């Protein structure tokens, strides 16, 4: 057995032992850091936002690196929002200030206005449920970028979907259609909304146009989710009528869609837009399959 | 006891971008230095003299081989309290005065405060620095810096002193001072190991020398023995010899140098001196001097070094 | 102890550097000026004084730490004064530790001077100091911990690189260390799981300076929670041990041809 002192006195072993010790210390940093992070919560750096001077002051302080800083803040917005969604939280109070700072730092960061407005306007738990804040954000974006027509599109959207203010929505779409580079359908949209704001068909038209024209993958997906929800609501309404019809003519009352298929009321088992079959509950109500990816809450 | 002993001390440097080429700065140096002697490490620039000293003080690490200082392994830190090192063209902390610098050096040896003050004071006196004891070192001339360097080397009263090119860049006065210090150290039975490329200094000071060239030991030995080696010639200086006398003397002369009226002849063999003197006397040529010419260190050096090139 | 001797000598040497006086003078000037800035808008004078004052201490402290940090080893090697020390019975570890302690002392003294200036300005503004003002000591303590780490980083770079490069690397690492959480977000946001893993590893490996930043909290009269005192002190201690160990291990292998 080599004694410890002999082991340590040999220079090479001593050095190896030192390196090993250093490595252990390094690994020891991890739990310390984690415990600090845990206590502070991941909001720590972000809560500072409430205390920061205005974004414009920060812009001056950033000494030419405001673009980089804007990107950093945008990443923090995404992290913050994502973290809240994962935790099923309904408290998004820092979202507004964070977006304010981000867009102050870089008024041309379109993604901050567009996604920011979606995060803000969507109802909890999907978003902050603050459509008016979303509008304020978009307006500031329009002031900084008057010719970017898509921001008008987003404004129109918030009015249409979240505030159900159809005249204002129509005006927004109209204003957007006058901007250079605006798509043709904006004018058609303006007209349709003005005429038949509350109709489901208008909504379907709106969302399908967005999905078709969206330059951005995320926005397209968002539109498609809305479309699927509309489609599913439509399907469920029609299926309910069909079941009522069946029950009025047949005994016993329908327990599953198989009965309707067998009786010729349906050609095949009905599926929702995501491909999952609808469920006829024991209480006679039509529901979405639990494994369906359609989100009906979008229609509220 | 041997003061210094190196055993196959070798240093390789890896050069080039990919560290592929190997340059051998010191090749299996094996030296022995006796206690109490003044040992000179000679060699042209780049021979490996500074490399040797730095290896001994572990400022660079040997690729292979080992060494012993005062009987202990050279990586034994305790031995450092009994030795001293003065690097070539030394640099010290600019803003300190000699007094402050010496007390700091002394404190690194762990000397108590009173002792530090006493020794710094003594050395400042001994090396003629009293007038500038409170002047910051950055205002010192080269010669004075060298004196401070020697002072800091002696602060711990070492038994063995290593000096790397101690005379480099000094004026004749400075060089004499350094020579005196070395001689005084020898008087006190200290060992001095110094490297130089100035042969006359080695001649006057060293008991033994070693010659390094291209990192290899070319020769080593007692100075007297080296200087007595080989044939010693005799030099004859004549004034205004006639052509006939010259013709007679020519067969015996290994070299002839004319400077105006004077002719210097070197007679190759001792046995021939009598004959040539007879010729001179007979012709009544004026004889200025007759001197034995000792083989110089330069000859030895050039022979050792020249043999390699 | 030789370490203490070297430390004291290093302290005396770095204190004579003119650059230090200039930096401290600027810091005090800025702290004084923040009183003026505060008087421009009503109600926020103290917030502005505290924010600007503590930020000045942080920024100038950083500059001082970098300036004196690079002197640690690079200068000694460049000026060749190192031969005299290493040929004495002094181990390389003692040399490094002594140097670090000396510079740490310099840093502490300079920070104390700036802090005194800060409290003087605060007194001038408020006409009286109360126990609530002790919380700023906490902020300065955290700043000191950060700076101790910065000097440590400068020390490590100083052992392997030239003075100018060491300063640059140290500064870069300081900036990165402040954004390490964002770095991790960038990495985790990307699609590649490898990048996510790497950025996570980097988050823990890089010095996390954001932990120590309590200036805005303190300016808005919030208390510093207890776990942060303990956590930060422990973190700094651990990280310093690593840095110093690294510096010693590197320096022991270094040659001076």
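Letters A, B and C mark the chains in the order given here, with residues in each chain numbered from 1 onward.
Just so we're on the same page, contacts are C-beta pairs under 8 Å (C-beta built on N, C-alpha and C of every residue); 3 or more make two chains touch, one makes a residue touch a chain.
Please read all numbers here as calculations on a predicted model, not as lab measurements.
Number of steps on the shortest path from chain A to chain C, with steps defined by chain touch: 1.
Nearest to the common centre of all protein CA atoms is the CA centroid of chain C. Chain centres here are means of the Cα atoms, and by that rule the chain farthest away from chain A is B.
With each centre defined as the average position of its C-alpha atoms, the distance from chain A to chain C rounds to 41 Å.
We define each chain's centre as the mean of its Cα atoms; on that basis chain B and chain C are separated by 49 Å. Inter-chain spacing, taken between the CA centroids of chain A and chain B, is 84 Å.
Residues 13, 51, 54, 57-61, 77-78, 80-81, 84-85, 87, 90-93, 95, 104-105, 107-110, 152 of chain B are the ones touching chain C in the complex. Across the interface of their complex, chain B is touched by residues 2, 5-6, 9, 13, 16, 79-81, 83-91, 255-257 of chain C. By the touch criterion given at the top, residues 179, 181-182, 185-186, 189, 203-205, 208, 210-211, 216-217, 219-220, 225, 227-228, 231-232, 234-235, 238-239, 241-242, 245-246, 248-249, 252 of chain C touch chain A in their complex. Contacts from chain A toward chain C in the complex involve residues 15, 18-19, 21-22, 25-26, 28-30, 32-33, 35-36, 39-40, 44-45, 48, 51-52, 72, 75-76, 78-79.
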